[in-house]
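Common to both upcoming complexes is chain A, partnered first by chain B, then by chain C.
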Partner chain A sequence: MRESTLWFWHIIAGAVILVLLGLHMTVMHLDDIIGLYADTTAWETVIARSQQGFFMVTYILLLGAALYHGLYGFRSILFELSLGKGCQKAINWLFLIGGLLLFIYGAYVAIAVYSMKEVVL
Partner chain B sequence: MAETAKHYKNRLGLWGWLGGGRYGLERYAYALHRITGMGILLYFVLHIFVTGSRLGGRESWTKWMGGFESGIFEVGEYLVFIAVAYHALNGIRLALTELGLLMGKPTRPLFPYRSAVLKQRPVLILVMVLAAVLIIAGGLDFFLLGAE
Partner chain C sequence: MSDAPKKVIFEVLRYNPGVDARPRMQSYEVPAPKGLTVLDGLLWIKENLDPTLSWRSSCRMGVCGSCAMFINGKPRLACANQVAHLGGGKVVVKPLPNYDIIRDLVPDLEPFFAKHAAIKPFLIRKNVEELENPSGEFFQSREELINYIQFAYCIKCGACLAACPTVATDASFLGPQALAQAWRYTSDSRDEGAAERGKEVFTAHGAFRCHFAGACSDVCPKGVDPAFAIQLMKQFMFREKLGGCKEKHGTEVAPPVENWTPREGIPKPPDHSV
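What follows is the complex of A and B.
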């Protein structure tokens, strides 16, 4: 893929993260200010969120956007260091496969916990 | 990478992030953007696995969360919050400049010259003030309000 296309998606992913991570940080870390939860990381609260379709879908969206944005950004930093062609190729494959594996694992967790109907709150 | 692109050797390497010239404020914002970006990426990869522990049920989740209750983890988490606040707000500025929105219209280089860098600088200061407000609000939430 052309570098300019990858860069374009890096910015689009940044915009997606801005909205979704903004929401995530507000829910998780400004909760006392907005008076949302008594304890954001308590099992009951976590499961109540994870079993809502909205959170499941946005978790996966955020996961994909953040992995792409982060790994592409880190790749840019590394590529700026005048690496050899072989080294660049290795980084491309490592980041692509590593990113995909992390995405599959994270998406699997989000879907599996969403469908864990036997959980008693 | 396009075959036609010409590449020059990055002589300064990482040192170029901070030193190597008479850099303006934006260069330090750039260095900090990268440092915070790498910090957030490291946290994020670990976060995927830690939050994955909810798959193992209540026991697994509370065991993992219990491990992060000490003060040092809370300070670390707050550092991640600071990094995210900075990276997000500076990122908005970068995306806007990327689209050419904060650089002003192109003009002929007539004396006294007005750099496009200076045209976007008020926005840099504005986003830094907003980041500071978020960081203070986060600090209140992390350490003063509630008993988490």
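What follows is the complex of A and C.
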């Protein structure tokens, strides 16, 4: 994939993070103002939130954006170490496979909690 | 009271790779009359104290860009900086950082010019025939000229690469000079080579490696602001990806001016040579 495409999605992911992290901060820290939940960090509240389709989707989106943005940034730092072509290729594959595995695992957790019929508290 | 000019100490890096194991600093005492530039001081040393001292210089008026050196901790033109304006005390002169040293204050600028050449610093047109055998001048309005003229002031002194923290860690990074020149030509209304130039610029060691430290713009003796040019280049690419940029067509050949009368006293232009 051309570097410009990778960088383009890096910027898009940054914008997505800005919005979703803003949403996260609002939900978690401005509860006194918006008054959505009685206790934002209580176990029951966390599970209840995770079982809403909106939050499940935003969790997965935030996970994907944060993983991509972070891994691309880390890759950029490593590439500045004047590594050889082979090393750069290895880093590309390592980050691609590692990132995909982390995304699949994280997305699985979000979907699994969302799909649970009954949660034992 | 004596009229003799006060003296200033020049501490100069000396290094002859064929002879010296490592660079060393050498001190010289130089008379410093009012207006003495660092280049004047070096010339005085060469003429009066040490003819073996080496550096590059040519125009002595901040135009050719040959005499960029690391003066008192900052890349500057030796000809455009007066000793009196360097804060007094010692004048410490070293070759530009981020380059190999050929000898004393002479940096190896080969990689610098190779990077400059890589971004195709010339107008690229689809109609090669018109470029090779021009029938006239490509039209350019005043506004179109203003759009890029700041970036055309680059004198290729190499100071920006010497200041760049990314070049310091990544020798393959194209660097602020080449990237700024890429934008200079890409933003030229007569150019049609954005895609071709982009292949060199938008790589893992191209525009995306710029951290926007802004050191290049800080040291540029001509006010080119390469850091700004790189951001404009990135913005251009981003808009292109979003589909916001139409394919650019270079301006056409300007039609010949007909039925005009020169003002009184203005000589007629020479006939076309091509």
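Please note the rule applied: the second predicted complex is superposed on the first by the 108 of 121 C-alpha atoms of A that agree within 3 Å, B and C clash if a C-alpha of one lies under 4 Å from a C-alpha of the other, contacts with A are read in each partner's own complex, and residues count from 1 in each chain.
Keep in mind that, in the parts below, contacts are C-beta pairs under 8 Å (C-beta built on N, C-alpha and C of every residue); 3 or more make two chains touch, one makes a residue touch a chain.
Keep in mind that what you see is a predicted model, and the values were worked out from it rather than measured.
Chemist: Return the chain, chain B or chain C, that is in touch with more residues of chain A.
Modeler: B
Chemist: Based on the superposed arrangement, let me know which partner A:E80 touches: chain B (first), chain C (second), both, or neither?
Modeler: So A:E80 meets both chain B and chain C here.
Chemist: One more residue to check, A:T5. First (chain B), second (chain C), both or neither?
Modeler: A:T5: touches chain C, not chain B.
Chemist: For A:I60, select first, second, both or neither according to whether it touches chain B, chain C, the two together, or no partner.
Modeler: So A:I60 meets neither chain B nor chain C here.
Chemist: Taking the superposition as given, does A:L102 touch the first partner, chain B, the second, chain C, both, or neither?
Modeler: Touch partner of A:L102: chain B, not chain C.
Chemist: Do chain B and chain C land on any of the same chain A residues, and which?
Modeler: Shared contact residues on chain A: 2-3, 11, 80-82, 88.
Chemist: Per the contact definition, I'd like the list of chain B residues that touch chain A in the complex.
Modeler: 1-2, 5, 7, 9-10, 13-14, 34, 37-38, 40-41, 44-45, 48-49, 51-52, 54-55, 57-58, 61-62, 65, 81, 84-85, 88, 91-92, 95, 98, 137-138, 140-142, 145-146, 148
Chemist: Tell me, which parts of chain A touch chain B in their complex?
Modeler: On the chain A side, the touching residues are 2-3, 11, 14-15, 17-18, 21-22, 25, 29-33, 38-41, 43, 46-47, 50, 63, 66-67, 70-71, 73-74, 77, 80-82, 88, 102, 105-106, 109, 112-113, 119.
Chemist: Within their complex, state which residues of chain C touch chain A.
Modeler: Residue positions touching the partner: 166, 169-173, 198, 202-206, 208-209, 234, 237-238, 241.
Chemist: Looking at the complex, which residues from chain A come into contact with chain C?
Modeler: Of all residues in chain A, those touching chain C are 2-5, 7-8, 11, 76, 79-82, 88.
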